[in-house]
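Look at the two complexes coming up: chain A is in both, with chain B in one and chain C in the other.
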Partner chain A sequence: MEWKKIWKRLKKNRFAVVGFWIIIAFIVMAIFAPYIAPYDPNEQDLLASLQGPSLAHPFGVDYFGRDILSRVIWGSRVSLTLSVEAVLLATVVGTFIGAIAGYYGGAIDEVLMRTMDVFLAIPSILLAVAIVAVLGPSNFNLILAISAYAVPQFSRIARGAVLAEKNKEYVEAAKSVGENSLVIIFKYILPNALPPIVIQATLRMAASIMSIAGLGFLGLGVQPPTPEWGTDLSLARTYLEIAPHAGIFPGLAIFLAVMGFNFLGDGLNEVINPTLKDR
Partner chain B sequence: MDSLIRVENLEKHFKVGRKLVKAVDGVSFEVMKGETLGLIGESGCGKTTLGRTLVRLTEPTGGKIFFKDKEISSLSQKKFRPLRKKIQIVFQDPYSSLNPRMTIREILSRPLKVFENLSGSEIEGKVTEAMTSVGLRPEHLNRYPHEFSGGQRQRIAIARALILKPEFVVLDEPTSALDVSVQAQILNLLKELKKSFNMTYLFISHDLSVIRYMSDRIAVMYLGKIVEMATSDELFENPIHPYTKLLMKSIPNPDPDKKNLIGLEVPDMIVANKGCRYHPRCPLKMKRCEEKEPELVRVNEEHLVACYLSIS
Partner chain C sequence: MTKLIIRRILLLIPTMIGVSLLIFSIMRLLPGDPAVLVAGEDATPETIAQIRREFHLDDPFIVQYAIFMEKMFTGEIKSIKTKQPIFKELIPRFENTLELATVSIVIAIILGITLGVIAAAHRNSWIDNIVMATALFGVSMPVFWLGILLILLFSVQLRWFPAGGKEGFESIVLPSLTIGFTLMGYIARMTRAMMVEVLTKDFIKTARSYGLPRRMVIYKYALKNVLIPIITIIGLQFGYLLGGAVLTESVFGWPGIGRYIVDAIFMRDYNVVQVGIILVAFFFVIVNLGVDILYMIVDPRIRRGSS
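Let's look at the complex of A and B:
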């Protein structure tokens, strides 16, 4: 299906449009964080510790006296960049593996896909915790941990899409004009197999924001004092009874970002597989 | 005349579950340089498989294929690759044979990039020339396949097959996906191109009138085997095999007073285990037809038949 057509139909899906604008809002926040945020996210005003929302601090102040609105805004930068990197890595690696498995089939397919199944058998958060625990908490390891679980999912989807395309006549035609297998896979088939992969990437963005927050909450993710929603939520937990605002706003940010990507992903999915609507 | 393609006892058997499907089951023929050999048969008789085997898109399970007396069926895909320049195929469905994500320029220039070491402007020149030769405007090179009609798409597919100046082209029902009005244009284009590029065709079709118009000789295929082969005129004037006769009868008659398909049931294609593969459908079946399969024998200079009726 043409991208233009997809976009046209997507515009009719109210949830997808809401999701799209939420994502845009977060992207704008992430890019222009230094200009939008009213304070330095790490600036401490200990006298204002745990102060509730006010005109000076619309989202209130956290235990260390830092402006929560500023931390939420800067936090979007951390969450989005890490998620994009993790999803990109998983997309590239997973698609490559899946495309090779789907195109060649046979023993290559079996070996690659059974290996992927092993990864899928481990619960995602457990896999991520194990990887970070072994390699240590750093941004790069965090990306590895989150993409590790997404790779098999991408490879399955890419494999399916390649299987659906590889017997079409344009592939046969490519063979008959002497193209080699790798060119056929990457230049001919993959561009046609892209839509389901893009949907998966959108949905994985949501899962990945969730994982980053989750690992942050457990203390295995982004390390303080870097502003990150999950880490901030974890800190706020201790004082949740006296200062609920410190937890509500980072939590709301996680909720909205995840919802935005899920709405858009589901919308895309419905547009590309119209039969899903009836279920 | 020299033979350009020679096929000896070619076999392609597929395993479908536990069953063995004999799509091509011992076929031998020659295609002479410069001629068009028509291959006709109903759907499922293996004619497409045969065509694909000749261009090595399907690997044969038995028999040999010769191109200019050189055996090409046992070459590895890698060794066969240079020969792809000489042996091309045009597919049936122009809606799926062109990559929807490539512009026409890309589609046409890929074969040149694979095989020839040309500069950008040389490629551009050849692509433009190919476009014109199939009757399309070079200005449309930047368009995508979906911006063209079925007939135009088939012209593009033809241009792709011919851009390397092949000597032998398999045409796998190149007009069956097209409107009748467009069919004639494409057939004439193919005839013209054959003359100007000195090519040899294997023309596959299930349409008798189309095949008669295109072919010098015609081979009739039934369930994986050639049952009759003759020059075009001879076959139409003097069909011998009961299956060929049935095909001839099934050409729709425009005269409303004459009933079409007289006495023609549509029997299942049952594969006979023993004897002539046509005997379960044959109205003239004899005892021996159930016992032993008849060989393809020569009845005259330009006519071969695999039927006991030709002998008795």
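Let's look at the complex of A and C:
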């Protein structure tokens, strides 16, 4: 199916449209954070510590006297950038591994896919925690930790697509004129696997945002004072009795961002795989 | 089919060796000398050397790995920090996690299947839309945030349930509701999708044309046919929960295995992390395999296709 057709049908899917606009809103927040946020996210006003929502601070103030609205806005920048990078890394590496495994088959396939099984056997959050704890919580290591679990999923999709295509005539034709194997895989076969990969990448964005926040909540994510939703929530958890507002807004941001990508991913899935489509 | 099952069981061996090697290698990359961590900063070089010998820290990687595996299988393996046999600490934690996971999954099944069936029975109506929106909310809900919201409402405001710990029946209510609600979404969506498909099948139309009441057709004939795929997704979620409930366990201070492992990672207790993750992964793959085998036995298409 061409992308134009997919887009046209997607526009008719209510959930997908809502998801799309939520994502746009977060992207705008991330890009224009310095202009939208009313305060510097790290500016401390200790006298205002734990103040509830007011006109001056619509989302209230956290323990260190920082404006929560500004931190939520800046937090979208951190979450989105890290998630996009993690998903890109996983897509490229996973697709490459899966395509090679599917195309060559035999022992190469067996070894690569069994290695992928190993990564899938450890619950994603534990794997991420172990990697970050060992390597340290830098942004690069966070991306590595989050993509570690997504790589096998992309490789399975790419492998499946290559297996479905590799015996078709156009591949045989390309082989017969002496095209290089890598050219055949990446130029001829993989474009056919693009729709399922795009669906997976969209859903993975949701999972990555959730993982980054989860690691932050455990104290292993983006380190303070950088504004990050999960890290801010774990601070708020300590003062829940006195300042409930601090535990609400960063979580709402995670929830909405994750929901946006889930809605869009689901919508894409329904449009591209019509068997699931029954609305 | 027997052949297929045996192959799947045998494949567990390389997977588990892979998991143990992976986690063993990751833990070797930890910065800092574990012997110094055990002995304390001001220990004499002799003490440190002795600890290094005791934990085989100077041996080559593969020797360390072999010794570790042997000790794990004989159950002698000890925590580096507490010096206690690991299984003695780990098993009660694992039981706690199992308890939480079981209650949560029961909640998720009851909510999920009910909502899914209702949505399918009222397909494309406002009821369907509300139910499916709720399911999607559940799927997108960060467990630790839902946990915080439930604490705010039921512990801080209403004071009905404790905010954390594990004492008595009340303490499991909030953590299991938290997990149950987030899992409910997956089950509800799966149930709805399957039910919608089944309800268009000929045998359902036939049953209806015989004049059987709609309610009976839906609950007795259609639901029976969608239980297998639903069991699969439940099995996968349950396997995941055995190690993946770390976040919920942290929010509620639930003394489960996930938190035990994460605490050990912070304390650099190699042995506990390795044994814990290997155990969690083992249960995860076993549950997955069990679900797959069940699927093969129950679904005649797969059974016939492979024999």
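Methods note: the second predicted complex is superposed on the first by the 277 of 279 C-alpha atoms of A that agree within 3 Å, B and C clash if a C-alpha of one lies under 4 Å from a C-alpha of the other, contacts with A are read in each partner's own complex, and residues count from 1 in each chain.
To be clear about the criterion, a residue touches a chain if its C-beta (ideal position, glycine included) is under 8 Å from a C-beta of that chain, and two chains touch if they have at least 3 such contacts.
What you are looking at is a predicted structure, and each value in this text was computed from that prediction instead of being measured.
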After the superposition on A, what does A:Lys175 contact: first (chain B), second (chain C), both or neither?
first
Check whether A:Pro191 is in contact with chain B, with chain C, with both or with neither, and answer first, second, both or neither.
first
Please indicate which partner A:Asp117 is in contact with in the superposed arrangement: first for chain B, second for chain C, both, or neither.
second
Is A:Leu55 in contact with chain B, with chain C, with both, or with neither (first, second, both, neither)?
neither
Touching A:Ile248 in the superposition: chain B (first), chain C (second), both, neither?
second
Determine, under the contact definition given at the top, whether A:Leu233 touches first (chain B), second (chain C), both, or neither.
second
Max touched-residue count on chain A (chain B vs chain C) belongs to chain C
Doubly contacted chain A residues - partners chain C and chain B:
none
Contact footprint of chain A on chain B as seen in their complex
52, 55, 57, 81, 84-85, 88-89, 91-93, 96-102, 110-111, 114-115, 146, 157, 160-161, 164
Mind listing the chain C positions that touch chain A in their complex?
11, 14-16, 18-19, 22-23, 26-27, 29-31, 123-124, 136-137, 139-142, 144-145, 148-149, 151-152, 156, 163, 193, 196, 240, 242-244, 246-247, 250-251, 258, 261-262, 265-266, 273, 277, 280-281, 284-285
Inside the complex, what are the residues of chain A that reach chain B?
2, 168-170, 172-179, 188, 191-192
Give the list of chain A residues in touch with chain C in this complex.
15, 114-115, 117-119, 121-126, 129-131, 133-136, 206, 210, 213-214, 217-218, 230, 233-234, 236-237, 240-241, 244, 247-248, 251-252, 254-255, 258-259, 262-263, 266, 276, 278-279
